[in-house]
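Two complexes, one shared chain (subunit A), two partners (subunit B, subunit C).
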Partner chain A sequence: MPPRIPCRAHRAACPTPTAAVRCRTRLQQTRFASTSASAPEIYDVVCVGGGPAGLSLLAGLKASPTTCGLKVALIEGQDIQKNRLPKDASVVGFSNRCSSLTPASVRNLQEIGAWRHANASRIQPYQEMQVWDGVSDARISFDWDTARSLGPRKPTQPTTIAYMIENVNTVSALLGRLEELGGVDMFASTKVDAIELGTDTEQLDLSSWPVLSLSNGKSLAARLLVGADGANSPVRTFAGIASRGFDYSRHGVVATLDLSTAGWGGPDHKIAYQRFLPSGPIAMLPMPGNFATLVWSTTPERAATLKSLAPNDFAAMVNAGFRLSPADLEYLHTLPSGQAEEVAWREKHTPTNERGLPVRVTDVQAGSVASFPLRMRHADTYTGERVALVGDAAHTIHPLAGQGLNQGQGDAAALVRTISHAVQTGQDIGSTLALESYNEARYAENNAMLGVCDKLHRLYSVESGPIVGLRSLGLRAVDAMGPLKGFFMNRAAGGV
Partner chain B sequence: MAAPLKRPASSWICAPSKVLTHSVRLPCSYRCFSVLNRPQPSYEGHIPLTRTERLGLALGSGLISFLDPRRGDLIAAFGEATAQPYFINHLRNRMLLNPTGRRILRDRPRLTSTSLNIPRLRLLPKNTVGHVYTEWLDREGVSPDTRAQVRYIDDEECAYVMQRYRECHDFYHALVGLPVFREGEVALKAFEFANTGLPMTGLAVFSALTLKKGEWRRFWDIYGPWAARNGAQCDDVINVYWEEELETDVDELRSRLGIEKPPDLRELRRAAREARKKEKAAREAAAGAAV
Partner chain C sequence: MKPSNSLRAIRPIQRHLTAPSYRPTSARPVLRQAPLFASATTSASPIRFSSTASSPQKEHPKSTVDPTEVSHFNALASSWWDPVGPSRLLHLMNPLRHTFISRCRAASSSASPNTNLRYLDIGCGGGIFAESAARLAHTASVTAIDPTPEVLKIAEAHKRRDPTLAAPGKLTYINSSIEDLPQPQTPQEGYDIVSLFEVLEHVNAPGPFLEHIMPHVKPGGWLVLSTISRTWTSWLVTNVMAEDVLGIVPKGTHDWAKYVNETELRDWFQGKPGWGDLKTLGVMYVPGFGWKEVTGSEGWGNYFFAVRRAE
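Right, the complex of A and B next:
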C-alpha cells in the first residue's frame, strides 16, 4: 500500500494542503525518481459538473469556516455564464426546466447563503397539492391545514409545501454565491479528456490519486474527486462503480403554459395538480402570475405526438389530460391534428368539478415543449477511494414526486458535513473511511425514495381490475387520516 | 356551543366536505342522495335511483323476465339496472376508441321506422344489409319502433349507448340471421355478451336452462360455441354505423367484422321437426302393423 499523504486540519490560517504534501514528500528523497513531463496541479476537491448539486456542494464548502480553506476546482463542459439568468429577466418567459424545491432544500440553500441570490420574483411557493387517480377519480389533497396532527395549526407551522423554481434560477443563485465567496478555480467550457490514477514520482506519490486531463491541456490531481456529472457520469465510470436500474419506456414532456387566471386560490394560495393516468402522471405546477409548468410522463410515441401538435391543440390536450377519460386520451393521441375541436366536444359529455381541476390552459409558450426519457438508476455505492458521487451521477428517479433535484441538494449538504467532519478530525478527506459517513447518510434514504416513486409508478400504471379499487380505497383512507397524511408530507418535504 | 348549531344542515349531512379545502369545497346546495332528495334528471326521461332501488329493480325485473321472457320492458329495465356503474362505461369507452364509434356518439342517430324509411329498404338489392334487415323484420313480424326509452342510466351519454345498443339489437338479429323466439334470442344474447360485455345479455343466457331438451342440445353443440367464438373475436358490433351500411353487402359486412353466419335456426328446427314427425309416423306405422 502506498504511503498515505497526511492531510492536516485546514483552518483559514493553516498551510494549504499542497504545502503539506510538499513537506511530506521531501522526506521521501530516497524514492526512485521517475521523469514526468508536467506535474499535475494538486487540489483538495475537484468537482466535475456545474449543475445544481455540484454548485451546491462547492458553495457549501466555501461557506463553511471549517472547509473554506480547501483548494477546490470546478470543471464544467458548458459555458456557465451563458446559462445564467439575465439580471433583468422579466417575469414572463419561463424556462421549461423547473423543479420543486422542498423546504429542506430551501433551508440548505439559505444556510449556505445562496437563496438570497436567487431571483425571488421568479420563484413560486405553493400551499396546496391536489392528486387524483385518472381511472377512479379517488383524490387526496395535500395542505398543512388538513394534515395537522391534533388541535389547531400553530402560527409557526409552515404553509408552503414546496417552491417552484427554474433550474437556471437555482444555478444562477449558486453561481452568484460562489462569486461572492470566491476561491474556486472554475474551468468552464472545459471537458475532461481522461481520468486516470497518478504516478509515483520522486517528488510525490499520486498513485492512488485521480488525475484529470482537461481539454485545455491542464492536468489536476484531486484528493477528492466529486462526480456531479449527471446520469452518464465519467467519474463513476472511472471509479468502477456500477449503476443499476432500468428505463421506464416513458418520456417526460415539459412545457411552460399560459393559464386563463392565476388559479382557484388566487396569487397567494397556489395549487399544484397531479393526475395519475395509466400511461403516467400529468402534473401542472404553478409559476408566478398566470403561468404554470407542465410535466407529463407518457409513452415515447405519445410524447412524440404531443411535441408535433400546434399550440392550440397542445393546450387542448393538456386540458384534456386533466379532464377526459383515459379512453378519450388514448384516441386523441392517434389524431395528427384537430384535438382542440375534439376535446371541446368531449368536455360537454364529461362531467367534472372545475373547482378541483387546474384552471384552463390558454396557450403554450413557443418552443417550450420538450421531452426527456425517464429512467431509474442507482449506483452501487456513492463513494470510492478518493471519489464521491452526488446528484444524478449517483441516482436517477422518476419525476412523479419532484424529488430528483432535492435528492442532489441533500447529497451535497451531506457531503459537505462529511468533508467538514474529516477536516475537523484531521482525516484525509479522500479516504474511504472518511467518506463512509456520506454513503451511510444518503444511500438508504435515496434508495427508499427511489423505491417509493418506482412503486407508485407501477401501482398507477394499472388500468383496471381490483388494484384500481384497492389503490383508490387506500388513497381516500390516507386523505381522511390527517396525521398519516402529515407524516407523508413531512417525508416528501425532506423531513422538516 | 352555539356556534356549531348555526351551521347549515348540509354541513352535517355531508361530513366529507369538511375535510376538503376551500378550493374544492362543494356548493352549499349539495345534499346527499336519498328517496327524499332526488337529484335533477340529467336527461329527458331519466329517473335517478338510489343503490337500494337499483338493486330492487335488478332483482325484481330479473326474476320476472326470467319467468316470462316476453316482458321486453322488464328485460330493458333489467339491462339498465345491471349495466351500471362499470359495464356501460366500458362499452362507451370501446366506442370512444373507435373512429366510427365516436362519430355515432357525436351524431347520436336514432333508429326508428321513419328514420330508416323501411319501404325504401325493401327496394334495395337482395343481400344488402337494408334488404336483409327488412326481410328479417317481415319474417319475424316485428317493427323497429318497439324499443323502450332508457330511463335508469345516470350518465346521459351512457344512456345513449344503452339506447343505441337496444335499437341495434334487431340489426344484430338480421346480421346473424337468428329468429326472435327463445332459442334464437338466447344464442344472440350469448353473442352479445361476448361482444359487448353487458351483464344483462350474459344473465339472459341462463334462460337457456329453460329450453327444451332438443333446443338445449342445439345451443350446447352449435350456437353456444358459435356465439362465444364470434362474439369475442369479431369487432365491436356497437361501432357499426348501421345507417351508413344499409346498402353494403351483408356478407361483406360480416367478413369485415369477422363474423361467421351460424346455421339457419329455422331450417334446423324444421328438419328436426320433420325427423320427429317421420319417426312418429314410422312408429305409428310399426304399431299399426304390430296390431
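Right, the complex of A and C next:
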C-alpha cells in the first residue's frame, strides 16, 4: 500500500525527481489551505494512532506523576466512540479480532490503571496449551504444573498462561482509563493530512519539530511525535525510516466459533490448541462460555475457499483442521461445498484421541469469518529526531505466537519509562539522545521474537524428510523436560 | 573513535573547543572553563589552595582569542549538540548530574522549598546542563555564564529550538566570567544550586576560584561540581592513553598537575566555616553501558562533589 503521507515530509531529500515535484505540489496546496492557521499549537507528545499501542502509551504517560504534566494529543482517523465496546455488552457475539495478552502485558495494563476498565466477563484466561505437529503428531503440552521441575505448584504461583481478549475490549478499557485521567487533547475521526518540519522564525526555531496538518484544519507541532499508526505508519514514512520484511504469501483466517461444550477442562481450566500444518498453523483459542476464536494461517487460495463456505461446511473444515491428515485437508479445500458430509465420512476412518483435541465446533458466528495477509516487517530503527515508533508501526509479526499486540504493549511501557527518565533529568524528550534507551530496550527483544516466529513458520512448512523427524524429536524432548518447558512458557507469558 | 575510558574522555573535548593548544599562561586564550587566573599561581605540581580569599580583582587576562583557534573551534562548535559528536560523553553524563543533585537535596533535612529553584551554571558551554536544569519542573530560572562568546552563540541558538526554554526569564545566558558577575546584595539573593561541571581541573588556582563562587550560593543552597582526581590512573588514562596512544586529544591538552583530588576538596571545604554536608559520587564511563556509579572511584577518576552552605 502506498504511504498515505506525501513524501515532502521526508527528512531525507526526496528520492526521485518525480517525488520532488509531488512534494512541491502538495506543499502549495497545504499552504493555501492553512493560511489562516498560522502558528502551530505546541505539544510535548503527539501520538498518531489510537490503537492498543498508542492508547497504552498515552494512559501510561497520564497515569504517572512524572509525566502527567506533559501536553499531549491523540490523532485517530476513526471514530473512537463508535467502535467502543458497550459497558453492558452481553457475553455473546465476540469480535473476530482477539489477542492473547501475556501476564506481562496485563500487569502493565493494571499498573497504568486500565485493566479494571475492561469488560471482565468477556476475557478468558487459559491455563493449558496443546501444540502438535500435523505431520508426525509429536505433541507438547504446556501448563504450569508440568513445567515446574521441583515440587508441586504453590497456590500463589500463577496458573494462567495468557488472557484471551477482544482488541476492542483492550481499546475500550484504555479509552475508559484515559477519560478518567483526562488531559489528552483527542482528535478522533481526524486524519493526518501531512507532516513537515517546522520553520525558523525570529522567536523560535522549530526547524527540527514535526508539524502535523490535520484534516480538521488544525496544525500541531510535536516535541515528540509518536507513530502508533499501524503497519502502514505515515509517521514512519515521514521520518524516512525504512521498514523491511516480506510477505509470507499466507493469510490469517479469523472467526468466532460456537463449541459443543466449554471444553475438556470445563469453564475453569481452559485450553488453547495449535496444530502445525504444512500450510501454516491452525489455532483455536478459548473465549468465555462455549466460544472460541480461530486463527488459521493458510495460503491465500485456501483462505478464499474457507471464506466462501456455508457455516456448517466452515465448522466442519475447522474440525477437520485439527483431526484429518494434511492430504485429506488438501482434498477438502478443492471442493466448492459439501465439506460437512465429506468430513463426517473421513473422520470415521481416522482414529483420533478426542481428549487431546479441541471440542467440536458446532457453528460459526455470522459475519465473523475474515482474513488478512500475513507479513513480517521490521523498521530499521524505532527512533529518529523527535520521532518514536510503537506497535505495528515498528514491527509486524507472524501471528503464530500471538505476540503482535503484546509487543506493542511492551513498546508503550518502555517508551513511557524512557520519557519519564528524560523528564526527571531535564532532557528534551524528543532528542535522539533521550530516545536512545527506548530503542535499545525494545529493538533486540522484538527482533528476537520476530526471528523465532519466522523460523517456526519455516520449520513447520516442511512436509517430509528429516526435518519433520527432527522437529518432532524437538517437541518431544522439550515436552519431557520440565525446566526447559518452564523457560519457553516464561517467554510466551512475557516473563524473563 | 570511542574513547575507551571515562576519565578524560570528555574534558579534552571541551578544552579542545576553547583552548586547543596549551600555552604559557601569559599568552593563553581565555579558557571557557578557566575564567580566572585571579591569583597567578601556576604551580606545576600539587595544587596549593589559597586559604585567603583573593580580593575582587579585574586584572585577569581579557580575551585574546587566536583567530585560528576560533575557526578550529567553530568547526567543532557546530557539533556541540550532535548526539554522536565529540560531546557525546558529556551528553550521556548529564542525567547523572541531576541524579546526584536530587540525591544531595533529598538527603538534607532542609526547610528550603522544592520548587522555584534558581540555578547558576558556571562554564555552561553550549548549554547541555543549563538547558536540562531549566526544563525541570521545580526550576524557576537558570542563569548560565561562560566567558567564551562563541560557545554562548551556540547555546543561544540551541535554546531557540525549545519553546519551554524560550519562556521569558527561564534560561539566561551571560557572557561573563564568575569574577565579573555581580555578587548578590544579600545572601538570600543567592542561588539554590550553583554548578561547576568539568571546570575545576582547568583552573590554575582552584582555591581563589571557589572563593569567588561561594558568595553566589544562597544559605541552604548547594555548590555542585564534577571534576577528576589527580592520580596515577588518571595520568595514565588521560595523558598517555588519550593523547599519546589513542590520539583522540591533541598532545599537550592536559595539564594533569591541575587535576584536583577529592580529598583536597574535602579538606579545603572542611576548613570553611558555614559549609558542610559534603557529598561525593565516583562515576565511570563503561563502554556499552554508559556512565555508572562506582563506589570509591572518586579516589582515582571522575567524581561529583557537593557542599552545602549552612542556612
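The criterion applied here is as follows: the second predicted complex is superposed on the first by the 458 of 496 C-alpha atoms of A that agree within 3 Å, B and C clash if a C-alpha of one lies under 4 Å from a C-alpha of the other, contacts with A are read in each partner's own complex, and residues count from 1 in each chain.
Basically, a contact is a pair of C-beta atoms (placed from the backbone, for glycine too) under 8 Å apart; a residue touches a chain by one contact, two chains touch by 3 or more.
All values derive from a computational prediction rather than experimental measurement.
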*Kindly say whether there is room for both subunit B and subunit C on subunit A in the superposition, answering fit or clash.*
fit
*Taking the superposition as given, does A:Q424 touch the first partner, subunit B, the second, subunit C, both, or neither?*
second
*Please work out whether A:E166 is in contact with subunit B alone, subunit C alone, both, or neither, and reply first, second, both or neither.*
neither
*asked:* Looking at A:D205 after the superposition, I want to know if it touches subunit B, subunit C, both of them or none. Which is it: first, second, both, neither?
replied: second
*With the two complexes overlaid on chain A, what is the closest approach of subunit B to subunit C, counting only CA atoms, in Å?*
44
*Indicate the residue numbers of subunit A shared between its subunit B interface and its subunit C interface, in ascending order.*
none
*Which residues of subunit C touch subunit A in their complex?*
83, 91-92, 94-95, 98-99, 131-137, 139, 157, 160-163, 166
*Over in the complex, which subunit A residues touch subunit C? Could you list them?*
42, 69, 203-209, 223, 421, 423-428, 431-433, 436
_Residue ranges of subunit A touching subunit B (in the complex, touch as defined)_ = 128, 130, 139, 141, 143, 145-146, 264-265, 269, 271, 325, 327-328, 330-331, 345, 349, 351, 353, 355-356, 479-480
_For the subunit B and subunit A complex, residues of the former touching the latter_ = 19-25, 92-94, 96-97, 102, 105-106, 155-157
